[in-house]
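Chain lettering (A, B, C and D) follows the sequence in which the chains are written, and residue indices restart at 1 in each chain.
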Amino acid sequence: MMRDVQSEPANHRVEVDKVGVKDVKYPIVVLDKAKKEQHTIADINMYVNLPHRFRGAHMSRFIEILNKHRGRMSMHNMEGLLCEIEKTLAADSAHLEMSFAYFIEKAAPISGAKSLTEYVCKFIAAHKKGKLDFILEVNVPVTSLCPCSKEISEQSAHNQRSLVTVQLKSTEFVWIEDVIALVENSASCELYSLLKREDEKYVTEKAYARPMFAEDVVREIAQKLEADDNVTWYTVASENYESIHNHNAYAYIEKKIPR
Amino acid sequence: MMRDVQSEPANHRVEVDKVGVKDVKYPIVVLDKAKKEQHTIADINMYVNLPHRFRGAHMSRFIEILNKHRGRMSMHNMEGLLCEIEKTLAADSAHLEMSFAYFIEKAAPISGAKSLTEYVCKFIAAHKKGKLDFILEVNVPVTSLCPCSKEISEQSAHNQRSLVTVQLKSTEFVWIEDVIALVENSASCELYSLLKREDEKYVTEKAYARPMFAEDVVREIAQKLEADDNVTWYTVASENYESIHNHNAYAYIEKKIPR
Amino acid sequence: MMRDVQSEPANHRVEVDKVGVKDVKYPIVVLDKAKKEQHTIADINMYVNLPHRFRGAHMSRFIEILNKHRGRMSMHNMEGLLCEIEKTLAADSAHLEMSFAYFIEKAAPISGAKSLTEYVCKFIAAHKKGKLDFILEVNVPVTSLCPCSKEISEQSAHNQRSLVTVQLKSTEFVWIEDVIALVENSASCELYSLLKREDEKYVTEKAYARPMFAEDVVREIAQKLEADDNVTWYTVASENYESIHNHNAYAYIEKKIPR
Amino acid sequence: MMRDVQSEPANHRVEVDKVGVKDVKYPIVVLDKAKKEQHTIADINMYVNLPHRFRGAHMSRFIEILNKHRGRMSMHNMEGLLCEIEKTLAADSAHLEMSFAYFIEKAAPISGAKSLTEYVCKFIAAHKKGKLDFILEVNVPVTSLCPCSKEISEQSAHNQRSLVTVQLKSTEFVWIEDVIALVENSASCELYSLLKREDEKYVTEKAYARPMFAEDVVREIAQKLEADDNVTWYTVASENYESIHNHNAYAYIEKKIPR
């Protein structure tokens, strides 16, 4: 019989916090508010802790569990999945990080022309001492238009694409769609994949009428998240790909909300 | 006179934790153990906190300070630099993250042929309430050879390039060179840019004689860091670009050491 | 009525070779040999030429066409799609580049355990003067084991993950699956997402029994492509992520085959 | 004595077009118009052809040659370097691709405040049948402001950072600085790392006064390159990171100029 090197005791009496597989690309299915479910592709990390009585983790078991659950990945069944990982790998804690593209159909503001927009999302789940910690991350590209540039210039103002990243913990299930809507209503303007001329006029004028610094955007989103009774922790960042510099402007807030 | 929009009060009574510039590419000079100093190129983030009495930060001031100090960037003068940022931007806390390539000349193990090897390093510095928090990060590519594969196979064993990342806080100045040496002595074998045939024989046989899981590598490094009286906190990760899979194996330890 | 700036003549009498949209992320459906079709996500570029009688292209039309055809993207309907782009944008030539992840279920060599492996593929299609030029690109990660290292070392040999990229033009339809099989049979060993211990023994020993340089791999693939009567042009590259260096070994062949 | 596997004949009678090392990070010195020389870091590929009488290339020799010449890398000594590669590796042709960051000190347009701006450059050199083929690539980030958006909107216009890439062959030596100046004069506005408020007003108004499509930018640059008697071939591309879309607008011209 083959020797099971991983199951032998470690040379060093050191516990390893996370052992597992990283950058596994896998097709998965996630919940979709409009269409019930959405097929997408994820970049996945799966880890367990490793006590010093074991030299290594049996890495193939992560892939077996992923295979079994990939058809239904949601906030609802994260706890079950992490418990199964713990049991299968004889571990006390388990982690799953899963980044994926999520598409939403949007209608252009005037013409109503429809197209799909991509939002990169991430589930960051940990199970330790019988307690689940689940973070939903949603990345929302928006337009930002600089209030200082508008104020000091005779005409126009520099504007650019910005990437807003929200991470949150909630006591209730949260739709990705709702986080996106919250962010898109808190920027100079939202983005679309398809804009006809009448739409381009609209978004240009809307952004000019709503000048916002990266600082303004994260503050407005923070205030809305605080008004949601279910949110217990959040981070919000805005990275603006400045049209006048070759570097980015950045603003970031992290907050724990005692409920 | 032009209106100073940034200095006006914010619309929302929300403090922003970090406001600043991100992904600024700039040439800098860092300390070099062998040659006194080394010219390199950094990817830099600089932030301050922003109280709600201000709407925005004056971003250009970050670049002015970077310009002034870029000729001498080290653990020694981080505190002065961060205090200057706080003062110039009227802030209570300041952050600097600075990632850069660092080159060391190495001699091949048998032929002695010399070449340069690149190690990506990072300074992560924060100054809050008058206290400096400084993290040195060093990334060291190494060879790892799988103990399980060696044990169960008639001949050979799968091996691969792995990237080991060490982050540490120390009460004393730490040379990048010393962290690299510690890591390279804790893997199946170290890497070289230039190997003649006699060297290739040596590194192949050395790696086969020292099979190590990602788990073994991080444990050995952790134990050595704990033995250093000056280290008060560390993380160590090993990411193995498995030659038999299209994903990576990963192990990670984080530890605070009360001294 | 709004002015149509794009349709006005250009200031300079210069024809632009390619004008269009780049890095559009969109869900698409492609043909699958085993399951008939596969839902995936593409990174898409679409271009037309722009004669000097026009100042700009109407970019939104690319997205409209993509929207219409995304449910069926294959070598079969590329010509129709490119002709539609030409017509809709009043152009003489059209280009489509479409990179996407493609998954295949594979059984481990001994245990038969099933898992999915990702292969990044690309369609590169151009239509000029009524003639279609279609290139299929398939990226296949494999194991390579160094023949020199095996020959000169007492035991073992350095091995690593390599990425083989094949591009080809063919007079007949080509299945992605067939290109992958051709490449996987031309390396030291193929990769799997899931390997049990008996499988790990098998792949370790197989790779040791089939040592191949990057040069050997591209030559073997080239010879097989030349033996296919339908292939009229190909490139084949192998990039080996050397386990003993921090840089890669590379080999590349390009060949036009007069038929 | 150790067997020299690489020098043995190949199994297949297939010539390999390029064999060598890829993604070698190395510190180099390049020519600087203002300061005579500039220390930077390059990402380097070096290849030779491999006739079928050899099974493999001796990869370590590339690094030895790089080591010897890294202190002086310019268009002037590319031919000598490539000939040395050919001779040392017993090859008929040699290739060198070398991408590096290049910094220029610029003064802000009104305040005159000085800062450094990074431009990524590339040398692409090939030596075949005794003939040198040298391409200089310069990447210049600029501001572009949309003429259509300006025309149809009551106020303002969407604008964004764009990346312009010029590649050229010239019968005479070309300064990187001169290519950058040519491009920066052909966009809505140029970028700066450091802008005070009076400068921000200037660049905002300048961009609004010079609206340009990606198509306009590449046409203007093309026309200027054609007016240079030494340029025998060029490509020019502009990729606009649209502030109103999550994808980019793109325009590209390639031209050979018979002299």
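Quick note on the criterion: a residue touches a chain if its C-beta (ideal position, glycine included) is under 8 Å from a C-beta of that chain, and two chains touch if they have at least 3 such contacts.
Here the structure is a predicted model, which means the values were calculated and not measured.
Looking at the partners of chain A and chain B together, the chains they share are C, D. Set against one another, A-D and A-C show the most C-beta pairs in contact at A-D. Using the mean of the Cα atoms as each chain's centre, the chain most removed from chain C is B. Once the centre of each chain is set as its mean CA position, chain A and chain C turn out to be 29 Å apart. Centroids built from CA atoms put chain D at 35 Å from chain A. Along chain D, residues 2, 24-25, 118, 148, 152, 193, 195, 197, 201, 246-247 each make contact with two or more other chains.
If you draw each protein chain as a dot and join the dots that touch, every dot ends up joined to every other dot. Interface residues of chain B, counted against chain C in their complex, comprise 117-118, 141, 143, 145-146, 148-149, 152-161, 189, 191-193, 195, 197, 200-201, 203-205, 207-208, 241-247. On the chain B side of its complex with chain D, the touching residues are 2, 4, 24-27, 39-41, 60, 63-64, 67, 101, 103, 113-116, 118, 193-198, 201.
By the touch rule above, chain B contacts chain A in their complex via residues 2-3, 5-6, 10-12, 14-25, 45, 47, 50, 55-57, 59, 147-148, 151-152, 213-216, 218-220, 222-223, 239, 246-254.
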